[in-house]
């Protein structure tokens, strides 16, 4: 009998038994693990019960030191731990509520501001919070060795930039003073009617002098003072636990001056990188609020969770930078031609899918500042402009490369734009997708023709979108500059009257749009999902919600 | 045996130093630096940040300084992208990756070996074909599809598990299955092929001729040799599970080590990257050593460390 | 053994390993079917693709359309023809899969066998080298390679377009994945080397090797004509697993902007993008997924058939 046939008539059951043993073992382990810890209530139900808000926060923060980090997600956590002179109003854009400062006074030029700090303000370890802490904090963020990347938010203060750039080492030259433990006086370079808006930013937050100095010198970067066992703060919450890449949890701070009015007991921040996972977690009741919703899931969420999807305007513009030093884009007619062949509405409806607003100008509208309107979809005029510039039907144009990032959404947008420019102008643009850091590096070196980009405003004033375009500005990166534009901005810095300022800023913006060194595409919206259990959450254009006004109550 | 192990460990140290050197220069060769951020910061500030981390010193200085810190303080440096020491980051994430990896590996072995053996024993029958097709699922359907599918079916439609997270032991299962599927495919196929080689050998025919029942022949005699290719694969496989779990970790929100490799590269974080690479290198040296010892044990004909 | 079945008894001339293998393979119906399926796929992707509508043409008004005469399998999220994109994507994937795998196999088998057979110092050095290479972060290598050879590939592809008249678009598509090819070639052979070495370690103690040594054959000859052919079993199997592995790896590289550049695509990228539409438009995932899965199932059965065919110890009945 040949060898294989012995096997074929072999009795199966015995082999099966021996082979199935390891398999059974594995299944048994899985079963045990499954039965362990069976709470039939969802995470959200348990959390709402305990008054803990669970929020998706996109990624692990770079740190929690308000003077060192920058970033939206870090801001979300820092806002729960620290409080500045004033806090964001819970529902009205551009207004503020008292924070550490009970009252705020300004002189007639809005150049000298006096903040009266409340006497009951304390740090979470019981230590009193005084103007000395603020002086210390301002000095700290302006100390060069700390290497903070957002110190420029304090440059409005007289002498601050000089101190930060090392031109003087005497902090008393800087325009802040503390006449008594509960008064803080700030002298600015020029009139700034909206200084309280600026102080809402975390760069202006106080840090505990007694704790920071315990773990290192004033300008010493990266010390242990932000570790959970050391961190002391003055906000509605204090740090409870920090598991890297897993969660950061904050709990109620009993020393907070308004502790009895804080509506929730704690917040759990989950650094969920994958936006699809986040949406699915929301759908299975694992969190209260998501950080965003991926474009493909927006319509789906609208259908399945209509009461939970929010689409709110956000202070930011998505635009394409033109390298005005590149041969193709030196002529502003070419830039305008490219800008006018972008069908913004089609992109919003078909690619980004987030109900964004078409950017008819650079600065999004808010408050008394209306949006400009020169940017529009006009392929006929575009073709004429291109011909006028010497490239009829796109002939004669050098090779053009469009630099963008590696994200799926960036790719889809780039491909759509590529198709539009081909169709309306006859120009084939090559897409170059680069990994994030390489992309930034390449863009900063101006080694591109067109580059995808955008800008989120830091505070509620058009200046945040316009002062980056000065010659050699660190965030300019287009090679464009214009004397008239800069003259207008200088004038703005001298003016205290809001109406005049807005008029000058509008003039500057219109000049900018006439030159078109960037091609605006849309104004951002934030799409996210929020559980009905969360009460007191209102749309805010800066998206810096003050957590103390929230309440958690199970919705039925 | 002891001599063999000591020998291998010494070689391991040489490997780690070579690894460190290559990685060090590769990192330097990447475009961009750790402080390239979207809102560009002033050059002076960048200079200060470089000083902060010792990155403005000469290349040689940096090279030896890092080595010195590793040997004297067992410190792998401070991450430039996150406010933690590299030791802390590895210390928190490695146990998680270990648990995930071991569970995935057990799943893969527990499923892959029986399938491979059954397929080999019943070659070219429906058992063989369906077994292989089943095993191949791990390769046909990549993790970024299996993961969401499992989430939708076993977490959302039928709420058996959490969609994501790492809070209860139950959270280990879905990511472990997703991670282990690829390894299952490899183990099943390698086992099948290894078993087939063995089953056609003369000594197996002898065993049959002696009248031993098939199960005994397979388990007691054939398995030892048949598992060889799979064992040679498992060493690096476990290490790869630890470092390659980035996708599974992001889909299931698992705070493991895999994401450090990718994130550190993206953030150009030289210390975190160097730290995880060295740690990973150490793991490989140990796992390969273990695999080689196991091979020698399974096949006495293989004489280790000879000549 | 039935003498009538023994080909030697019939007086047929002695067959070599390869012709025997070929005859056996022909008899394996599943392997044969798989072979033709793979051929079909190659034909579709490299020939039929050119007859399809333009895979890059965007038609935003026509997203997610169903099957129609102009779009055999419908359109995707930007209105592009899915069938065309899948076929063109197959070109890249199959190219990466086959070429990179061949490279990896070639290097891995030789090094693994040499290391296992030589033993001692050579073995130690080679295997420690493998350990080192294994631990080097692949991602960093690809990023660096991209930068380092960007200039070179630009010049080279320009030259190719000018002198040989190749299509510019096709050339840039291929030039773009060269860093990935090189990286895969440098690192893809490592595990195979270990597997082959393990095989060789046990093989070299076997009697036929002693016999060959006794006959005075050189080490080289023993290695290449006696030992390596016996390692082909696991090698072929591993190869059939590596092809899809590399295809998928290319997709994960695109996560990070390395690999195929937009708007070009590959199966891996199509599947990855399609996975985002799992709940809403599953056909975007299923179609490329099916192409990919069936091709690699076919490759695997073909591989099994090859393995069986090459098995020198299989009975000749």
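Which chain is which? They are A, B and C, in the order written, and residues in each are numbered from 1.
As a convention for this text, a residue touches a chain if its C-beta (ideal position, glycine included) is under 8 Å from a C-beta of that chain, and two chains touch if they have at least 3 such contacts.
Owing to the predicted nature of the structure, the values given are computational and were not obtained by experimental measurement.
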Closest chain to global C-alpha mean, per-chain Cα centroids: B
Which of B-C and A-C has more C-beta pairs touching across its chains: B-C
Rounded Å distance between chain A and chain B, as computed from the means of their C-alpha atoms: 35
Averaged-CA centre spacing for the pair chain C and chain B, given as whole angstrom: 22
Chain A and chain C, separation of their C-alpha mean positions in angstrom: 43
Set of chain C residues in contact with two or more other chains: 143, 147, 256, 279
For chain A, residues that touch 2 or more chains besides their own: 3-4, 276, 435-436, 438
Multi-partner residues of chain B (each touching 2 or more other chains): 30-31, 148, 152, 200, 266
Residue numbers on chain C that touch chain A, as the complex places them: 1, 56-58, 60-61, 63, 77-78, 143, 147, 172, 254-258, 261-263, 273, 276-277, 279-280, 315, 317
Complex contacts: residues of chain C adjacent to chain B: 30, 119-120, 124, 127-128, 131-132, 134-137, 139-141, 143-144, 147-148, 190-191, 194-195, 197-199, 201-202, 205-206, 233-234, 237-238, 240-241, 244-245, 248, 251-252, 256, 268, 271-272, 275, 278-279, 285, 289, 292-293, 296-297, 300-301, 304, 307-308, 311, 313-314
Sites on chain B touched by chain A in the complex: 30-33, 35-42, 44-46, 48-49, 51-52, 78, 81-84, 88-89, 92-93, 106-107, 109-111, 113-114, 117-118, 121-123, 125, 148, 151-152, 155-156, 159-166, 168-170, 172-173, 199-200, 205, 208, 213-215, 218-219, 250-253, 255-256, 259, 266-268
Sites on chain A touched by chain C in the complex: 2-4, 276, 294, 296-297, 299-300, 346, 349-351, 405-406, 408, 411-412, 414-416, 418-419, 430-436, 438-439
Residues of chain A that touch chain B when the two form their complex: 3-4, 6-8, 10-11, 14-20, 22-23, 25-26, 29-30, 33-34, 36-37, 43, 60-65, 68-70, 144-152, 165-166, 221-222, 226, 243-246, 270, 272-274, 276-277, 280-281, 283-284, 286, 435-438, 440-442, 444, 474-475, 477
